[in-house]
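My structure is below; once you've seen it, I'll send some questions.
Letters are used for the chains, namely A, B, C and D, taken in the order the chains are written, and counting of residues starts over at 1 for each.
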Amino acid sequence: MSQHTHEHHIPLWVFVNVFLALIVLTGITVWVSTFDFGPLNLVIAMAVATVKATLVGLFFMHLYYDNKMYMFVFILGVLFVGVFITLTMYDTMRRGDLDDAKAGPIQTQAAFYDSLDIRAAKFGHGDGHGTTGEHGSTATTEHEDTTHAGTDAVPHDTTIDSTQPAGMDSTAGHSPEETPAEGH
Amino acid sequence: MGNGGSFWLPPASSTVAGEVDSIFYFVYYASVVLFILVIGLTAFFVFRYRRRGGTRQFTSGFSHSNVMEVTWTVIPTILVFVIFFWGFNGFLKMHVAPKDALQIKVTGQKWFWSFDYPSGASSVNEIVAPVNKPVELLMSSKDVIHSFYVPDFRVKMDVLPNRYTKAWFEATETGEYNLFCTEYCGTKHSEMIGKVKILSELDYQKWLEAADFDTTIALHEMGERLYKSKACVTCHSIDGTPMNGPSFKGIWGKTEHFADGSSLTIDENYIRESILNPNAKVVAGFQPIMPTYQGILKDRHIDAIIAYLKTLK
Amino acid sequence: MSTATATFPQKHYLNDPPGLKSWLFTLDHKRIGLMYFFAIMFFFTIGGILAMLIRLELLTPQGDFFQSGDTYNQMFTLHGAIMIFLFIIPSIPAALGNFVLPLMLGAKDVAFPRLNLASFYIYVVGSIFCIYSIVTGAVDTGWTFYTPYSTSTTTSVVSMTSGVFVLGFSSILTGLNFIVTVHKLRAPGLTWFKLPLFVWGLYATAIIQILATPVLAITLLLLILERTLGIGIFDPALGGDPVLYQHFFWFYSHPAVYIMILPGMGIISETVSVFSHKKIFGYKFIAFSSLGIAFVSFLVWGHHMFTSGQSELAAMIFSFLTFFVGIPSGIKVFNWVTTMYKGNISLEAPMLYTLSFLFLFCIGGFTGIFLGALSVDVHLHDTYFVVAHFHYVMMGGTVMAFLAGVHYWWPKIWGRMYSEFWAAIAAFLIFVGFNMTFFTQFVLGSQGMPRRYYTYLDQYQPLHGFSSIGSWVLGLGFLIMAFYLVGSLFKGKIAGNNPWGALSWEWSTTSPPPHHNFETVPEMTHGFYDYDTVLVNEHGEKVYKEEPVSV
Amino acid sequence: MSTVAQDASHPEYLAHHFSDIEQQKESAKLGMWIFLATEILTFGGLFCAYAVFRAWFPEMFHDAHKVLDLRLGTINTIVLIASSFTVVYAIYCIQRNNRTGTVINLALTLLFAATFMVIKYFEYSHKIHVGQLPGHFYFYDGLEGTNPHLFFGIYFAMTGLHGVHVLIGMGLITWVMIGTLKGRFSSEYYVPVEMVGLFWHLVDMVWIFLFPLFYLIG
């Protein structure tokens, strides 16, 4: 199977089938993304993407037929990306484990947002917003702010808490303002 | 521990220092023994098997021994496992402060340290703490990364911008100790050196009372301390030199011109507004870079600063 | 040890083909290696002068030699960046490795000669960026470019990081070239476990080069974006995380430590066997420990961050894994020492540096154990203890191995011998000067002296003073070396093909080698370490203990 | 290598230091795969940044991804998959000495790649227009989560680097297309076509992950 001469004889129908499979899988992943499975969203999307990438690698890139050394090199690359992400996230996700002071930033929102019209825009609309609770909890985790008057964090948190963030354009639907053709 | 230090290590003056030193010396002596073994053998072989007469000889074919390989793989492995667990154990102790610890807030900034105590007192470049009592440090930086390091306590922790980190120590002896910044932070990194002053419980209480200027000292003196401790000093001089912000010298009652063209005579209201909402009226020729002190300074603090500014003729 | 009958070949790679143009556009790995050699020695000199200036400043506690802390900060940053990116990373692989690797494999060239030349010119371009950054107000961030300092300082961070970014590609291409060369261009009969151990060292190095360096590239790219566009990933003021930058940086820069040391270990594996005239002990263990180090080196970067505010759990994992890197290094040392047992040891210059290496690298390795232990590291991190530790590993290890390699292959490269007398004196001065300079720094560090300090407290003055004096001894040693090495090119004895009586293939061709390396493809008639059955006599002839067994 | 006399056993395209074409071909392929591994690591760094920030700000990522145009993203995905297929087809043709087929397929690939870039251009220019930008440049006021500029910072870094790869790939495809037109490649020797193909598939593969991460799940 791994004889290099064999690659000359890979029939076209293999590639056509792979191509069709890729299109179908793209369709599936887009269709599935319209449902909300919670944390499974990521798992499903990544699983489909991995299957697609595997198809491309095995057939379009001939890994299935070629010297297995190439596949080893490729997998080694992916493996080290995995090591990098895993070990880095062991830190970033576990900073508060021993000592909650280290969990997150003192001032969550970057300071330059003050000068934007975002907050103003928020006051302009009145209707409810589905993710209010999440933002509320983000703010309350910054409990250190109140006990230790460290920085100018207060204005932000009070803004978030008091205004009950609402009526952002993005809540009206999925990307209504994303119509590039209009812009040009 | 608690001596004058040794050739290798400075005096051990905190509760965790003893354990750190024990591991240090364990690794040290293990290394010395192994080093003498390796280098001694090398020297012996070089001497014993040196080439004599300048002609090459056939030599022994002795080139592998699984027993030896396993030996010098397994023994060091066991050794380093011991060191790992021991070191990790000490590390955990360094990171979990006792529940009853006294909490002091540490702020690092180019290029000085400031400390805020629970009573409201504060100090710059000198942290004062009682002996034999755990002290927890809640640290953050105002600009780049600094690192809080007291060699005699074996305590070190980076001080990060926009994030709190913690460290703690319990000093076992009164005295003065060096405090270094060990994370490179620019021009005067090497001058970012402070002191740790460890007092007896009684002296500490006395110091606190003296330092608690909210109640004990004149308003303008409190203002002067705030001027130094709240970092006004980094941008506003009192000798007339303009820095990042205008100098405070003779500021009271002066008429200032602002970036937007308006002008105003400096009074209580203007100073109050400049502290809480600094960029509302920026003096012409300066950048709107001052941070707000909303939530940091209480009303009484602001009054004190105003009182202090009045004295700067 | 050269023979009376040694002759200097008429035509060799140095003069065939002739002309400057043939050098600039050469595809010959030997010439490219030599050009690399001159380039890195140029930067080694600059980096060395900077180091001497730094030590001069630290002679007294006050700031007196440099005008301000800023100048000092730029000096140590440039010393670090130049020594690491422009000298030590390309030193052994790109200079010596390029020259020797194909010869050792019995190949005519590396797999991709054009790419090899390209990687040299990419190196040149990268170094021009770095020099440009020096001219336009040198960076003062430290070679690590930690954010947010590097995103807020006014010095020329972008041109320096761009330079390092470009240099990264040079390193990647060299690694790629070497891996393919080792896989595809070994002469017939040269199987994996017959390869010289230097080749194993280079191979393991190349793996790190290709897998780690791209992450440095993307890190520096993000840093440049951070500075120019302020994308905020590493900037705490914009919601980013400076500790994440440290993860990114050390994911490359820790394995990079092994890019520096692994080929050095390869050289030592060669020289210790050749100059003990004895079969290398534990061949497979040395070879596999190289691969083991290469692999584990990717898992331990967090040990640079024990006090950085990373999670304690991550610190624990990184500390645990760190100790696994120590084991294979120890295995190598024990095997080298055992190789000398019952050998026939000659103390020529390469062996003197090999012994220096063993001595200094052991200290460097043992002090690494201190730094791997979590609670001890908290005390020692970012003090002179760390400075001393990595100088013992990088300079006591890699540079000593590099010098061993330079002295070992010098007769092959130039066809001439240097003065053994002066070489011994220089090796002695370098060894003594090095220990004076850096051993004191262990004490300084464990006593709490932080690194990167322009001025310091009076209590550290005696040790700092001693260290500075040591640096002059060290400098003198290098000066002497420069003189006798250059002198050897003009008046050195003709070396002959095989002055050391070594058995690997680079010694079977002429010195200097011909343009195409070998007149005939070498044959595998004996192992490269078979000093128990094969001996090269004074006339350069091979004497077999028994009849050769054809392989 | 021009110094080496060429004989019958040493065709023009065989470099002097290789003993036969098989060795040269395998070397080139191995070199290419190693290069692709470095590409994976390069993108890997950015994937790591994505993973870290997504884990820190899941709500913000979720909100911010909705402003991306799923329709355009899907079209681009299909376009890239199609281009990958035409590259495979081109290699299939050159293996059978069908140079016309190769050139046509490479031209189609170029066309798809150009389509991809044009769509990217519209997406980018819209974002620049409304201020969905990295860092200080952010001025979009339709998102209120935590630091949405970070999402766009990572978005632009990743798709930007990918876009640069597409442009490089287009250059390489043009180069092998010209080579094919000039008759440099045949069923005997088509290493460069194959190498460029591998590169192009990797670019496709990266997009296969970028698409769901940004457009589907945020």
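Methods note: a residue touches a chain if its C-beta (ideal position, glycine included) is under 8 Å from a C-beta of that chain, and two chains touch if they have at least 3 such contacts.
No experiment lies behind these values; they were computed from the predicted model shown.
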**Prompt:** Which pairing of chains gives the most C-beta pairs in contact?
**Reply:** B-C
**Fill in**
By Cα centroid distance, the chain farthest from subunit C is A
**Request:** Could you grab the centroid distance between subunit A and subunit D? Build each centroid from C-alpha atoms only and quote it in angstrom.
**Result:** 20
**Message:** I'd like the Å distance between the centres of subunit B and subunit C, where a centre is the mean of that chain's Cα atoms.
**Reply:** 35
**Complete:** Whole-angstrom distance, CA centroid of subunit A to CA centroid of subunit C, is 40
**Request:** Could you tell me which residues belong to subunit D and also touch two or more other chains?
**Result:** 26, 30, 34, 37-39, 41, 43-45, 48, 52, 136, 146-147, 149
**Message:** Could you pull out the residues of subunit B that touch at least 2 other chains?
**Reply:** 92, 95, 162-163, 165
**Multi-partner residues of subunit C (at least 2 other chains)** = 183, 211, 215, 232, 236-239, 241, 243-244, 247, 251, 309, 312
**Asked** Okay, what are all the chain pairs that touch?
**Response** A-B, A-C, A-D, B-C, C-D
**Of all residues in subunit B, those that touch subunit C in their complex** = 5, 7-10, 16, 19-20, 23-24, 27-28, 31, 34-35, 38-39, 41-42, 45-46, 49-51, 54-65, 68-69, 72-73, 76-77, 80-81, 83-84, 86-95, 143-145, 147, 149, 151-152, 154-158, 160-163, 165, 178, 180-191, 193
**Item:** Touching residues on subunit D, where the partner in the complex is subunit A
**Value:** 22, 26, 29-30, 33-34, 36-41, 43-45, 47-48, 51-52, 55-56, 59, 62-63, 66-70, 72, 74, 77-78, 81-82, 84-85, 87-89, 92, 95, 122-123, 125-126, 129-130, 136, 138-139, 141-147, 149, 187, 197-198, 201-202, 204-205, 208-209, 211-213, 216-217
**In the complex, subunit A residues that touch subunit B** = 98-99, 101-102, 104-107, 144, 148-155
**Message:** Quick check on the complex: what are the subunit C residues that touch subunit B?
**Reply:** 1, 68-70, 73, 140-142, 146, 148-149, 152-153, 236-237, 242-243, 276-285, 306-309, 312, 315-316, 319-320, 323, 326-327, 330-331, 333-335, 337-347, 355, 358-359, 362-363, 366-367, 369-370, 372-379, 381-383, 443, 446-448, 450-457, 501, 529, 531-533, 535-538, 545
**Message:** Show me the residue ranges of subunit D that touch subunit C in the complex, using the header's touch definition.
**Reply:** 1, 3, 15-18, 23, 26-27, 30-31, 34-35, 37-39, 41-46, 48-49, 52-53, 134-137, 146-147, 149-150, 153-154, 156-157, 161
